[in-house]
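Chain naming follows the written order as A, B, C and D, and within any one chain the residues start at number 1.
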Amino acid sequence: MPHLQHNGKKIYYEVHGEGQPLVILNGIMMSTLSWAMFLPELTKHNQVVLLDFFDQGQSDKMASDYKHDIQIEVVQAVIDELDLEKVHLFGISYGGVVALQFALKYGNSVDKLVLFNTAAWTSPWLSDIGVGWKKAALLGDADLFYSVSIPVIYSPNFYTKHITWMNERKTFLKQVFNQTFLTAVARLIESSEGFDIRDQLANIKANTLIVSSDSDFVTPADNQLEIHHAIEESAYLEIKNCGHASMYERPTEFLSVLKGFLASEKVPKIG
Amino acid sequence: MPHLQHNGKKIYYEVHGEGQPLVILNGIMMSTLSWAMFLPELTKHNQVVLLDFFDQGQSDKMASDYKHDIQIEVVQAVIDELDLEKVHLFGISYGGVVALQFALKYGNSVDKLVLFNTAAWTSPWLSDIGVGWKKAALLGDADLFYSVSIPVIYSPNFYTKHITWMNERKTFLKQVFNQTFLTAVARLIESSEGFDIRDQLANIKANTLIVSSDSDFVTPADNQLEIHHAIEESAYLEIKNCGHASMYERPTEFLSVLKGFLASEKVPKIG
Amino acid sequence: MPHLQHNGKKIYYEVHGEGQPLVILNGIMMSTLSWAMFLPELTKHNQVVLLDFFDQGQSDKMASDYKHDIQIEVVQAVIDELDLEKVHLFGISYGGVVALQFALKYGNSVDKLVLFNTAAWTSPWLSDIGVGWKKAALLGDADLFYSVSIPVIYSPNFYTKHITWMNERKTFLKQVFNQTFLTAVARLIESSEGFDIRDQLANIKANTLIVSSDSDFVTPADNQLEIHHAIEESAYLEIKNCGHASMYERPTEFLSVLKGFLASEKVPKIG
Amino acid sequence: MPHLQHNGKKIYYEVHGEGQPLVILNGIMMSTLSWAMFLPELTKHNQVVLLDFFDQGQSDKMASDYKHDIQIEVVQAVIDELDLEKVHLFGISYGGVVALQFALKYGNSVDKLVLFNTAAWTSPWLSDIGVGWKKAALLGDADLFYSVSIPVIYSPNFYTKHITWMNERKTFLKQVFNQTFLTAVARLIESSEGFDIRDQLANIKANTLIVSSDSDFVTPADNQLEIHHAIEESAYLEIKNCGHASMYERPTEFLSVLKGFLASEKVPKIG
């Protein structure tokens, strides 16, 4: 299993397939493992680079709090290690937030930028919701943490329709949510505190696609519209009847939109 | 302060003004006190009856778990005590849920029925969210309970725009959220477990108005649309850019819609 | 039948009931007759003043083209004649457009302002649609004019569900759509050409309610949102699954919202 | 220029590129020429087959009225001629309507089915709008026909923002809209009269993607949702702030979604 050392810490990453590199950035409770079901499709035309942020999956845990900066450098370290010149960058939720900032700092390395369910700032509302998640995580109570953080990231209709799968997942996640995992999640949440790049969005020059879900109750569609309006010529799509965890709720739409955008050149605009 | 005894427990209620009676049923963390700002307007044309459910405000606390039935009888006990023949019944959230069931059991007593941010069932999704609220309440941690239950009942835009007021409210609510209050709230949440009257909605014969908010992340607009489609000839309005606590976010729209519906007879329908 | 002379032309108006005056301004193909079904409810708490604009109903026809100014003076002439000091002003579509401009010019006379399905400008899109309506009207072909102008002002669902009523209405309207009527309508449409008060909206100081319909294909909800955002503290509601002719599609919601807003004082705002 | 004879009439078609065949079906006022700007992208992974329906572009005009059946056979004739076994079928608007019926009749020939801005029936509302378009077309008045049929197929925002391009297009289209063209269009509109396959949709077994636009005022999103709900496992996306002519308004989103869906296999569904 490939990994690299960065500032004395291990970064875990994986490379799959061949073609123009597509770097995939995880949401907060995800890891490289989360993408298994999508790899067969994603590797058809692209080399897929998966990575775990610090405090995620098989990368090292951190000893104390930090901000997004260190995660931006995680991405850069992997790109460096693989000697990639220009990559497509995809992020969802926390991954989108890091992707946005990577595109600002290392714009020359980014070909296309794809953001699902991403916000350009941690609003006071999201911050106060984060306080609850963090407190629940630090209590080390897996049941509580599940109830506080998981139902809300699915749309009510999906969660209800797939309740059997959700209950299996609940059983599984409660095992995952041990003390080590939860204190790491608490630090990841804390790293978003004070984040706000709304006034820098116009500096993003990458060819950008932004995707929202109409029932996203964590980063509501307004957040994605704000990014779309700020990044000139960005494309924008909304998945209806879908929650924050859009790739799990609507895998076909997720793949179609992501793969199609990566595969298309801009056509001359009308008007 | 008027109150009555019912099954050996005190029910607190208030009567304000004169006119056709309007009985107001609270949401889960509300009480008769919550309506103070609206009383001057609501009493202009109606006699307003406020009441606290068991485990709310100045009504007695319960010793153990129960279902909605006992709250339906709280409403009926107050109506009986006041010797009211026909009332307008308004409920928001938990209050709407009780109002729906009251209208099914005591339909003859209900003239107009007005439901804001109400669902006809506790879906598996809402139930699992309720688990988190209950757990947080039973831990007796006011900070945790605030973070888990309050931000989500406001729209992100309102919460953010009015962050100074929200912060004052946070300070105030953390004093309110003592052990007694929180265990009562836990029982109120528990009383909604297993609730499902979706297949009885068509039996509601009252002249009904249903109001939803497009950013209601607790009882999303789909829930209100379901009620609207099941109750024949019901009226339906949506408040845009508004969360679950619609009356606080949009007091003018709240009052206009409620008062206007109570004041209007049906006009012959077209077609 | 009351009327007054203004600049040598007859203005037809009606006064119904008692209370604070409510002046009602018609949409483009409407007249004082259009409000008959709503009068019993509207006169319960207000004195209702109906009027026909020039080129409408029983007011005089114009000999040549004009702009909105003359219709604003029609409203002022009626208010003068009745010696009204302060009125509530309601307008829908064309009536809303005149109401907005009246509120700008004669702000001291306006207490509350209520706008349904109104735009603050004639966009190039609406202007080009107007060209089609005008051409169809000037051809004097009632069938063509019906098909071009009527289906589009209803939501597809309402039109389809009430197709029997729509077909009766088609028969009726084809008699109404004679040469005199249609050339008058053509002038009314022409009077909106070049209209744009978007940059003056912030000067409106009246207590304002704006109502949109989500399936309004003539003045889409975006137009009403623009007005709502520009007029400070204005209230805003949307009627779901409803077209441009909202008062006919959703009479209960129409009356509730209008009556409720007129009957309510502002409550102190939160935050 | 390739063409074939079918029932004594010429069908014009074009074949571009190599790969799995993608057959593209035009909207009512379109032709094979309309796809020029998209060909470089669409031919990257697929063989693209363009064709003109009867009464469109370079295919023969019809002498009298007909129904959709003959257009379904036009598609089949081209597929036969090219000896294609299994094709991806894409249609927009009228093309989508024919595609739906082709997928019902010749399901074995269809791999993936992609429908943009398509309805499963000509509702009374759409039928009455069609009457206006037909009347305007038969009058042979290019100005009238433009005003009646073109602005409404764009979203107000796009039309307004790109008014210079729209005005150039107006000039161009008024030359196109000669008597021959317009009587052909009138027959195309007439061919949709009485169309209703809503109760057959469940028989479509193709892997289907349905795309709607939120500001589609000809075939509103409700129509596409109806198809999505009836075809099991179909994918669904909505383009926000976009009108009926979605491919012109949002070429990047159009290409991304279409290409991505064609390039993706279904991933195993969750739950």
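Note that in this section a residue touches a chain if its C-beta (ideal position, glycine included) is under 8 Å from a C-beta of that chain, and two chains touch if they have at least 3 such contacts.
All values derive from a computational prediction rather than experimental measurement.
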item: Fraction-based call for subunit C against subunit B, same above half, different below; value: same
item: Far-end chain from subunit C, centres as C-alpha averages; value: A
item: Cα-centroid distance, subunit A relative to subunit D, in whole angstrom; value: 36
item: Centre-to-centre distance between subunit D and subunit B (centres being mean Cα positions), rounded to whole Å; value: 49
item: Numbers and ranges of subunit D residues touching at least 2 other chains; value: 166
item: Parts of subunit B lying in touch with subunit A, wherever the complex brings them together; value: 123-126, 128-129, 131-132, 135-136, 139, 141, 143-144, 146-148, 150-152, 154, 156-157, 159-160, 163, 166, 215, 217, 220, 222
item: Residues of subunit C touching subunit B in the complex; value: 37-38, 40-41, 44-45, 158, 161-162, 164-166, 209, 235-241, 248-253, 255-261, 263-271
